[in-house]
Each structure stands twice: as structure tokens, then as C-alpha cells.
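Each chain carries a letter (A, B and C) given by its place in the written order, and its residues are counted from 1.
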């Protein structure tokens, strides 16, 4: 066997076209991550009377390939807050370790001065903004859920640019397009938080996840959901979307039984 | 110079550590130097990472420096290995650090002897940042039923010298405390954490006998196994258990005095 | 000039295990004019006695605001205190910036403690020649800390440092039980009374030499740090005078009965 790969030949130019050398630029400006690799899709969160509920599915995709089917994208910060991660999974792991080291430092002394979800969100947004200003962004869009300094339910988002946004219900990624309209219909603007029960919030999240599974090709039907109340965090990581009906797909060209 | 630094240690409040079969206890005698000190504040036992505790005798600010280095070591270990530092490793690194302060004329040695206690987890922890599990079947390198982890207790002296201990004591009352620790037969590994807490409290009270005129506060922390009361974390001993142990310690001390007086009576009763 | 062979620098232990340079630094604190601090369940109060170098000069500042939730009172070298207070201001601002949280008191006190410790272990450095009282509120309520040149820090319920501060401490120890549940204004008065104890016969508390700082939290609402100086202290001193005369009467009556 010839051990010189360059002598093995390459896909024929007349069949596959000339090799695109733009992928192997050695000159030009230094570039950091300019696209994510292994990604998680939407995160959905809803505030309710006395807490916050937040959910993600358990999938990490490699491009369009459903690569890892058991990935926990809801990460806890001590027993105070949850962070739901969309976007790059390795950047999520980096941030998770960052949060872990912060939690360790917070617990050196325990005199009732713990960082709450709002402090955490402020901090994460600063991290994102710093990294994007260095042209080396952390490729995520996160939701932070928990309580603020006044003990009120807190839900806010931060993205890879350091943009922050807050609302009684939020969703990232595909969910920003598909879940938010559903949530806005369920909980119209101006609905007082007192009128949204925990059960309503959880039910709404489940419905959103189902719709997302129907329409988002990068989603899965295994999901995690966390309900954060004053009593603590109730995290379920191995849930299954119930009551699916794919009957409508029969009539969609490309999905159904049609052959032409 | 190192010998003089040891002198600084010899005057600090007594500190003890006991390595039990299912955890480690740390205790320290805090002499109350002023009525104006806030009771219950001013902790002397520090948490490093989540699973290690350090108590020291000697110059308190040096002790804080020591702890701050320990925290840095634990955190740098995590950033390299994505998991908690073993107690033996942190003792080793701190021993090296303290020793370095004996080498140069530009620094002075640490005026502390520190007791480092920790619990290396026996459970299989996820790597920091781990997001899930692979398939249940397929290749893998796990050894079924392998046992790992357990309690660790080390004492580091101003020279940088350190040993592993079953029971360690330092500070002013160390002689009395050591004598009491030796009675416990710790090397057989039978003492439970719950009993260890009581013994540690009693030993601090015994060691305090020589400076009885001064009031003191007892501070105690513990680290249990993963299925124990602290779930492998270094935490303060809960108030109720601490108070119970203090009561028992006081009773034991009074008992000692009475025993001698009541001896004759006791023998008669047995007949 | 030197007490013995072991006090030339801060990196030398004496055979007894002492570090004389640090002890000398503690002397500098004792020469500074007195400051008193005290806390109860809702407030932390600092009071200080200002000194002027000469009749016509201005008075040296004794209380420095670090942030809206915290201040320090100083005894000793004011220039060393400025180094520490600048550091504290930076840290405090940093915490507000990155976390949106006022820095917890025990954190910042530990930080200056660690800095001071470094100065006692490295050749070519000298210990800070200043003692501080750090008072403020955080999520856990009001706090008072004492900081010493050795790097020792203690959380206190009340404290006094500086020249003749023992008299103030004696007052504070005697009245310890009265602080805990008293009102904000009473706490200030206790502070002033303690301060007054330290004065030598020919001295008095005046609006020129008295500084008062208060910070607190009532029913979960934070009351930002407020510094009373000059004319602002007049009302406080007036109350003190009334209390003292009333107190004197009260005491004599007790004696009668």
C-alpha cells in the first residue's frame, strides 16, 4: 500500500468540482468560533404565581444529525436558580463549570448572602458581552429562572451578544418564533402573575414543547422540565412528550405515503 | 525561624480533627477575648471546594492566607481535572507551599499548623459540565464493584512537614488532646461520625481545662460520606447536635471529678 | 530606637513567635484619635472624634463612605487608610457592576484582611499602620467589623479603637444589652456617649470635632449611608446633652432612694 495520502488521489474535479480552499485559509485575520458545532435548540420558560417553570428537550444536534439524545440542557446554580441553555453545547459546558466554581465560592461562607437568579443573569450577560467584544463569543442563548432580590419570580434571557430581555414568558431559538405566540395567546399581555397557576405554566410549556417537536427538525420528544418555587427546584430530566398525533403528516408531501 | 514560628502555633486555641469510618470531624476552641465580639460569628474553620475543611492554630491571618491558597489549589485542580481534588493531593500541595515559605529570606514561614480534613467521594461523580450519558451498552473501561474514596485527615506544620492522621491535635491544649485521642483506638476504624462529633467536643473541653478561667466558644464542622448527613460536603455541625455534644462533654468532665469521690460508693452498690 | 534584634522587619519571628513590626503598627492605631462603632438588629453606627493639627487647620476626616451600603472609620495613618478605602471602593463598585449586588460585608473585610496579611509575610513591605471599623448592611442585615494591621478581622457587636478607646469599650460592654432592640436614634446616642467617655477633662464634643455615620435596614428597606458632620451634628449633640443631664438626675435619684 502506498502510504502517501497525497498520492491517493481525490474526488474527481469533473464530478465534484474543484476543492474549496476557502476552508483552509492560513492568511487573513485571526478568527475564533464563527459557528456553533454541537447545538441544543429552544428553551422555554414561564413565570407563574410563586415561581418559574422552564423546559428544554434533551437533544444535542451535530448539524442536522440528532447526535446526542440524552443531554441535560437545564443546569442548576446551587438550589437557587436554573439556567436553560440553547446553542453550542461545549460552550454550555464551559459556562456550567463557571457557574459551578461560582457556587463553590459562594458557599465558602454562609451568612445569607447568596447570589440570586437576577445577580446570576446580570453576571452571565456581562460574560457574554465581554466575549463577543473580544470577537470570541460563547455561542449560546440562555434563560435564567429563579427569584430576584425582592423574592419575586425572575425570568430573563441573555444571548451570545450580551443582549438581555425579560418578559413573563420567554423562549429562545426556534421557540422564539413558535412558542412565544402560543404563550402570548395563553397569557395575554397584562395578565397578572397571580392569575397564572403552576399547573397552567407547566401545561403551557408541555404544549409548546409538543408544537416545537412537530415543527422544529432539530428537536426531540424527550425533555427536561424544572419548576422553581420557594420550596426549591423540582427538576425532571427524563420526560416524554405525551399525546402526539402525526395524522396530519400523512397529507404532507415528503412525509406521508405518497410516492409521487 | 521555623522553630520560632512553631511557638506562634503553640499559643493558638486548640484545634482537633478526627478521622472516623464514615466521615471527618474538625473542632476548634475559640477563646472569647472580648465581650464585644459577635457571638457565633468569626468562624475559624473554613470550607475549601465543597468537600474539604481546614482548621488551624496559630496566627489567624496566616491561617486565612493558607486557606486562600488551598481554595486556589482546589479550583485549579478542578479546571484541569474537572472534578474535586482528593484530600491527599491538597495536603501535598499545601505542604509544598508552606515549605517554600521556609526557603527564602524574603518571606517568613507560616505561623500556623493546619488540620485538613476531607471526604473523597466513593460514588461515581459526573465530570464537571457533563451533560448526559452515552448508551448503556458498548465499549467502556469500568471495573465493576471497585471501591474508591473515603475520609482523609492531614496536619501540616510550619516547616511544610505533613502526615496523615487518624486523630490530629494542635494549639495550646494539644498535649491533653493527643492523650485523649490516643485512648480512642482510632486506627481500628470503628468510630462512627456521630460518636466522633461527641468525642471531638469532649476533647476540646478536656484540653480547655488548663485555661479554665477564660470563656470559649466551640466551633465544629464535619464531612460525611455521600450517603451520610452532609452528603460528602463540608458543613457546620447542626446546632442541635453541637449543643448535645457540648452537654455530653460537660457531663463527662463533671463525671470525671465525681468518679474519684464516688468510687467507694460504686463498689458497694455492685455487691 | 529598636526594642531588640527581632523587630527590623515584618518577616522575622521573635523566639516567642511574635512579630514585633506588626505590634508596632498596632501602636500607630492606638495613637490615632478614637472611633466607635456599634450595631443592633436594624442599624450600624460609626462615630469618630476628629483632630486638627493646629488651631487654624482643618480636621482630619475619620469616616469614609465606601458605597451607599457601607462605610469605614479609621484610627491611625490616614494615608494607609486611603489606600485601603480606595481598594474597597473599587471592589464594591465591581460587585455592583458584575452581579448587580452590593458586596457582602464579610467578603470585603476578608479581602482587606488578606491584603494586610501579605504585608506581614513579605520582606520589603510594612504592615498597614491603620485600624478600621467597617460598618454596613447586606442581605444578612447590619454588620460591624474590626480590622487590625495584623490582618486580623473580627465581627463585633460594638467596638472602639484609637487613643483612650478603652474607656469607650468599657461603656459599650456595660450597655451591650441596651443596643440590640433600641431605635436608630438611640443607637447613635449610645455611640456618642461611648465617644464622650474617651475625652480628657478639658475636651468636649463639638460640631467641629464630631462625625457620625449611620446605615441601616428597616423592614427589608435599605437606608443608605448618611454622614453627619458640622452643623448636621448639632441636633444629635443637643440630644446627648439632654440625655446626660437627665441621666445624671436619674442616677442621683437612685442613690437617694
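A few comments on the model shown:
Basically, contacts are C-beta pairs under 8 Å (C-beta built on N, C-alpha and C of every residue); 3 or more make two chains touch, one makes a residue touch a chain.
Just so it is clear, the structure is predicted and the values come from calculations on it, not from any experiment.
Counting hops only between chains that touch, chain B reaches chain C in a minimum of 1. With centres computed from CA atoms alone, B is the chain lying nearest the middle of all the protein shown. By number of C-beta pairs in contact, the leading pair of chains is B-C. The greatest centre-to-centre gap from chain B, using C-alpha centroids, is found for A.
Note: centroid distance chain B to chain C, computed from Cα atoms, is 34 Å. Chain centres here are Cα averages; for chain A and chain B they lie 42 Å apart. Separation between the centroids of chain A and chain C, computed from CA atoms only, is 50 Å. The multi-chain contact residues of chain A, meaning those touching 2 or more other chains, are 109. Looking at the complex, you find that chain A touches chain B at residues 58, 60, 68, 70-73, 89, 92-94, 96-97, 100-101, 104-105, 107-110. Interface of chain C with chain A (complex): residues 97-101, 104, 106-107, 138-140.
By the touch criterion stated above, chain B contacts chain C in their complex at residues 1, 4-11, 34-38, 41-42, 59-62, 64-65, 68, 101, 105-109, 111.
Here chain C touches chain B in the complex through residues 10-19, 110, 113-114, 116-118, 120-124, 144, 150-152, 154-159, 169, 172-173, 176, going by the rule given at the top.
Those residues of chain A that touch chain C in the complex are listed here as 109, 111-115, 118-120, 122-123, 126, 149.
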